[in-house]
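Can you read through this structure? Questions will come right after.
Chains here go by letter, A, B, C, D, E and F, matching the order in which they are written, and residues are numbered from 1 within each.
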Amino acid sequence: MKLIVAIIQPFRLEEVKEALYAADVQLITVSEVLGHGRQGGVTEVYRGNKETGNLLRKIRLEIAVNDEYVDKTIRAIIDGAKTGELGDGKIFVYQLEDCIRIRTEERGPAAIG
Amino acid sequence: MINNANNAWVLLSAALILFMTVPALGLFYGGLVKRKNVLSVLMQSFASLIVVSLLWVIVGYSLAFSPTELIPGVIGDFRWFFLNGIAPNDPSPYTVSAPNAPVAHLSFVLFQCMFAVITPAVVSGAVAERMKFSSFLAFSVIWLFVVYIPLAHMAWSRNGLFAKMGLMDYAGGTVVEINSGFSALAAALLLGRRTKLKPVPPHNLTFTLTGAAMLWFGWFGFNAGSGLAADGLASSAVLMTNTAAAAAALVWAGLDWFLQKKPTILGAASGAVAGLVVITPAAGFVSLPGALLLGFAAGAVCYVFVVVIKNKLGYDDSLDAFGVHGIAGVLGTVGTGLFAAPFITRPFGMNNGNGFTGLFFGNPSALGVQVLATFTAMLWAFAGTFVIFLVLKKTMGLRVTPKEEAIGLDITQHNERAYTVIE
Amino acid sequence: MINNANNAWVLLSAALILFMTVPALGLFYGGLVKRKNVLSVLMQSFASLIVVSLLWVIVGYSLAFSPTELIPGVIGDFRWFFLNGIAPNDPSPYTVSAPNAPVAHLSFVLFQCMFAVITPAVVSGAVAERMKFSSFLAFSVIWLFVVYIPLAHMAWSRNGLFAKMGLMDYAGGTVVEINSGFSALAAALLLGRRTKLKPVPPHNLTFTLTGAAMLWFGWFGFNAGSGLAADGLASSAVLMTNTAAAAAALVWAGLDWFLQKKPTILGAASGAVAGLVVITPAAGFVSLPGALLLGFAAGAVCYVFVVVIKNKLGYDDSLDAFGVHGIAGVLGTVGTGLFAAPFITRPFGMNNGNGFTGLFFGNPSALGVQVLATFTAMLWAFAGTFVIFLVLKKTMGLRVTPKEEAIGLDITQHNERAYTVIE
Amino acid sequence: MINNANNAWVLLSAALILFMTVPALGLFYGGLVKRKNVLSVLMQSFASLIVVSLLWVIVGYSLAFSPTELIPGVIGDFRWFFLNGIAPNDPSPYTVSAPNAPVAHLSFVLFQCMFAVITPAVVSGAVAERMKFSSFLAFSVIWLFVVYIPLAHMAWSRNGLFAKMGLMDYAGGTVVEINSGFSALAAALLLGRRTKLKPVPPHNLTFTLTGAAMLWFGWFGFNAGSGLAADGLASSAVLMTNTAAAAAALVWAGLDWFLQKKPTILGAASGAVAGLVVITPAAGFVSLPGALLLGFAAGAVCYVFVVVIKNKLGYDDSLDAFGVHGIAGVLGTVGTGLFAAPFITRPFGMNNGNGFTGLFFGNPSALGVQVLATFTAMLWAFAGTFVIFLVLKKTMGLRVTPKEEAIGLDITQHNERAYTVIE
Amino acid sequence: MKLIVAIIQPFRLEEVKEALYAADVQLITVSEVLGHGRQGGVTEVYRGNKETGNLLRKIRLEIAVNDEYVDKTIRAIIDGAKTGELGDGKIFVYQLEDCIRIRTEERGPAAIG
Amino acid sequence: MKLIVAIIQPFRLEEVKEALYAADVQLITVSEVLGHGRQGGVTEVYRGNKETGNLLRKIRLEIAVNDEYVDKTIRAIIDGAKTGELGDGKIFVYQLEDCIRIRTEERGPAAIG
């Protein structure tokens, strides 16, 4: 079992969700984060001050999958998120040791999906 | 001689209409859109205030209300260009129930300015979340002259086409409501749907309810200020306004409860606005039963339009400018022809040739004028806006790019974001 | 003949009271609750506006203010059912300082409507975060007839019990404040505490302060409109209102600073509201020292009730409707019997039999009436609400389920959420 | 005899100025700061309302407006200490265009109170996010007596230095705007920059725009109430106010568009405020061209100050109280000496010795008085505030510690947070 | 050392916290997330539009524990969060390599608690 | 490759960011969380009620780095975040299995920076 964490552009969230659903990956956890990456982000201007705060809004996806799903999940994220421009984001993969479905108390790979 | 009591009343009514445009309408609309578009919506109302305020005092007022005309019955001339010759203590050439106690001419200029300001702001509800700011700005300037001013002249100026026929439009059923509503429809059709159109929850319903409540508050001035006197007719107009708003809100929230299982606060607020719209042309003409029935009708009919029909037809009137203002505007303007009660206007010695009396009080002819004006306003607004949008589409373009739409209009149109994420 | 200046003043005062109900009270209360309950709180104020507005013009006004009565001194009759026979230019049968310059009768209807609207909205502060919306709605309808209307009749109608005794209640110390406060106490007791009651931080204090500021603003109309004339008495009433609010806010924030180490903005806002409540019955009767002392007293006493006593006794008056409105209402109504200054009312030739003179200006008898009315109002409100809540509890139930309470009332009662999480 | 129409107008204008202080100015400023400091900013406006309201009725009004004086031309005496001897139906000793239809004396007391309330609240914009609350409180009390009251006396009291020279300051170009602006500059200089000063995005621009819109609304009362009559001069003042605001907003947003590529909503709002400031001294004196030109000038000049010069010079006027109020105040006060048009004031038979006529209408001497008063106000405000801040710095200290500044003023000064993070 | 991440219903947060404290687990990090799981979440209605956005509000708990605490932490979370209905959530367990207490610069298991 | 997660005081974010940049660590993801730690947090008072809710605002940093960067990243965080008082926070280190840059589809250590 793996955990896949993806940091993507907020405005690609819909596309990524669609790509994931198409790849039969339905269970995801989403949150709003700020990211400092390679993307230069000076776009906000307040009373002439260019906002140089370099933390840009991003969406963080957390997806736990069984091993056979890892590649297609990554593929789906890339397909949904890639625009080819700086700031598209990153995907991180971690080992997941155990997973428990609270409702049924099932454990392991059976609990993931 | 200017009557200071009436003058104070109209000045404060004008202030209330300003308050309706921003922050009220801005918050009402702004709360309904996605977080990334709230400023763009607020900015449309604010821009309307800024641009129309200037154009109005320079030339708009003159074209709309001058009794000497470029096109008889349809548009005035440049007599009051730059408010030329209007001294501060000149009485208003326009009065309603108090011909001997007029307000200052400049108060009338201001009061009418605020009507001209809020009308395009209402239209902006139909174009939210996808229209270029520059194009909206161009639209609101052209539309002021091509659509709004002639309609205002026809309905309200001394020599206006419908004014002369005895049209009863107390506070803008045709000029403001039908006008903005059907303009909104044309705008929504030509602009097309939002790219990822699916129901998205309003980003801040507290703002929306705050805005709706402020609209209700401001509408007292909007409707009752239109009598240009703080007399008993104003009192009646305020009370009928309040009643119709409550009646329509009750019906809408009730239908929600009945059909969708829960009474929603957005439903109550939407209903209230529908009730405020429907009573707009009728406020100074109808008595309690009329106000109640118009309110109930508006709640029910607008509900059907917004909740059922719009979703069936599939045009994207983002914030239901058409479904609420257009539909209730028609109901109210026609309904005034039914419910106008001589009991209300007679004590003031008012007369428009047909005694301000509706069908149900024995005067079928009034209805004819109301229906005629209603249809004219519908057509005028729809056609005028359609053409303006078509021209803008061919020239400067109407929509932001799909990517800009996805990123949000606040940052792409204004380089700003409404809210920070962490402190 | 209607006096337009006074009429404009009362119409705008009515608008200000509307503004106090929503958005002001809604924001003040709504900011204090958890994010998941804010709409339910706003909806209670909004529903009160909608439902009471309708009931009032249909029958409520007649029952409250008709001089012909079903029960002498306690309740009117159906004389003005559906505003029957009230023409727009009829002068108000009620006047205060300006008998020869009355407002329109319909203005008085409207003005009193807004009092009837805001009172149950204040009560809603005690039931926040756990009461079923349907039950609150039922409560507010029954309560209007059983509790509010008789009390209004007794205090303010021409033939009312206390009116005839010369009760001094300028703008609703008994009818609005004691009434809502003690109703709130009964409601809180019967409803029981919130399930997971522990201090939870207000979800949006910016809203709360905005609401408090708007209340302050609207209270000028609430208090000074009650004189039904824009004369010097209105000026005095506004100035005393402003002074008492400031005095109480100073004391509350000062006590915070002294006892809790920091002056809090919620404390300043709470104090301001307490000051506005305490001056409500007194606004048109007291002079500067009276206003200052009442304000200081309200700040201190309400502080003790809200911060110390409530937490000791353990009833859950969620938003302190009792601790602020009930307590300061009592203080103000009794205090009017102490501080009423002939210096204020004499110039207007007003007389209620005892010259509007309080104990400290040599008239001990006035105090008797004030105390009697205070106790009656306390009892009437508490008992009436107690019974209504008991009946509702047995029939439709009062509370949402604990699970609904945990999920939040916005989604479980109204299918809506106030805020989105990401854009 | 008091004129009720004028009295209603001035009372409601006073209510509007209250509304400008809180919530309007609070939201305008509060939205611009970091989330962790919003309450501290709101509290400064609220505290100013509380403290100044009390001091004003006790002694401030008397010192500012008593015609008998402690220092001739500069400060009054204790004649009206505790409003001593002012009965509710006393007419105001001060009138502008309607000497025969005065408002109540107490209305004038209240109206002027609200000016004294809002002025230190404006100054608070310069000290946001780093000043100790206790020091701000001390400042606003001392400053009221040392800086505000003498300036108000000089400009507006019957025997004031500049009043006697015929200064034209309709609604506070010197007393309110230059005064707050230059006090803000002194405050910002002595307080020093915020520790981690770098452009931080406003935490809630919806609040900021809501506040700006409410300011616009309230300014109608602020400016037009200053004529103390609801006559045609008030109508003119409102219309000119609206026009100048729109003109300046257009210019600022236009410069944004031109120079920074996008029209910003913060720019439009800032411009509107600049326009409202510039027209403040001029509102009742200038005609349409004057209002337009002053508006355009304010938009452009304040833009340059706020966007270009401030960032070059590097003082930290956090919310641009100096750049907007100070600069536009100077422009407006001097500009009144250029554009004052006899066409406006003549019909009311007003005369200040030089016929309220500016340079461009043939009266160069008026300009002299305007410039003299402008310089005096600049100096008075700057020097007075400088000294007060210096004394406070040496005694109680001005700033929170850097750690408190990092943590935020809401929690460190008031033990509160504005918003929860999860529900 | 392990990291336990739990996604739970927001309205069970109080119960979960209490259960954790009872199990002597005191140090936790909480955030608000949106989750797409098996729970059908159509409950919001705006002007007749059922909100079909399938991301529901959830609470994310992050708890680093020493190995002997893993089971009782999981138990406590289940006890607090379980209602038996769809949407109760999941628990994920990861290997934690190191832990540093910033204040003392302690490292490893000693720094966890 | 490692993932470093740090929970810090919100008011030290600026210092931590500066320390990280100085250590040549530029890519970070930031979010707002609530934490229950050793820090007693009773500072809010509402109408006399001391807010005993024990979840305090914290900032969560997520930084993926190559192995040779681990120590200096930890050092930088400590330098920026440490005040020596309770509540300074913790740093957690996890094994990171893979990393993908969405824009280029690069994988592994090359994608991290």
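Definition applied: a contact is a pair of C-beta atoms (placed from the backbone, for glycine too) under 8 Å apart; a residue touches a chain by one contact, two chains touch by 3 or more.
Keep in mind the model is a prediction, meaning the values are calculated, not measured.
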Labels of chains that are neighbours to subunit A and to subunit E: B, C, D, F
Which of B-F and A-D has more C-beta pairs touching across its chains: A-D
CA centroid of subunit E to CA centroid of subunit F, Å: 19
Distance from subunit E to subunit C - Cα centre to Cα centre, in angstrom: 45
Inter-chain centre distance, subunit D versus subunit E - centres from mean C-alpha coordinates, in Å: 52
Residues within subunit B bordering two or more other chains: 3-5, 8, 12, 201-202, 204, 260, 262, 264, 266, 408, 415-417, 421-423
In subunit F, residues with contacts to at least two other chains: 10, 30-32, 34, 44-46, 94-95
Arrangement of touching chains [line / ring / star / complete / other]: complete
In the complex, subunit F residues that touch subunit B: 10, 30-32, 59
Residues of subunit F that touch subunit A when the two form their complex: 3, 17, 26-31, 62, 64, 94-103, 105, 111
Contacting residues of subunit C [partner subunit A, same complex]: 421-423
Residue ranges of subunit C touching subunit E (in the complex, touch as defined): 196, 403, 406-408, 411, 415-417, 421-422
Residues on subunit B engaged by subunit E in the complex (per definition of touch): 198-202, 256, 260, 262, 264, 266-267, 270, 306-308, 311, 320
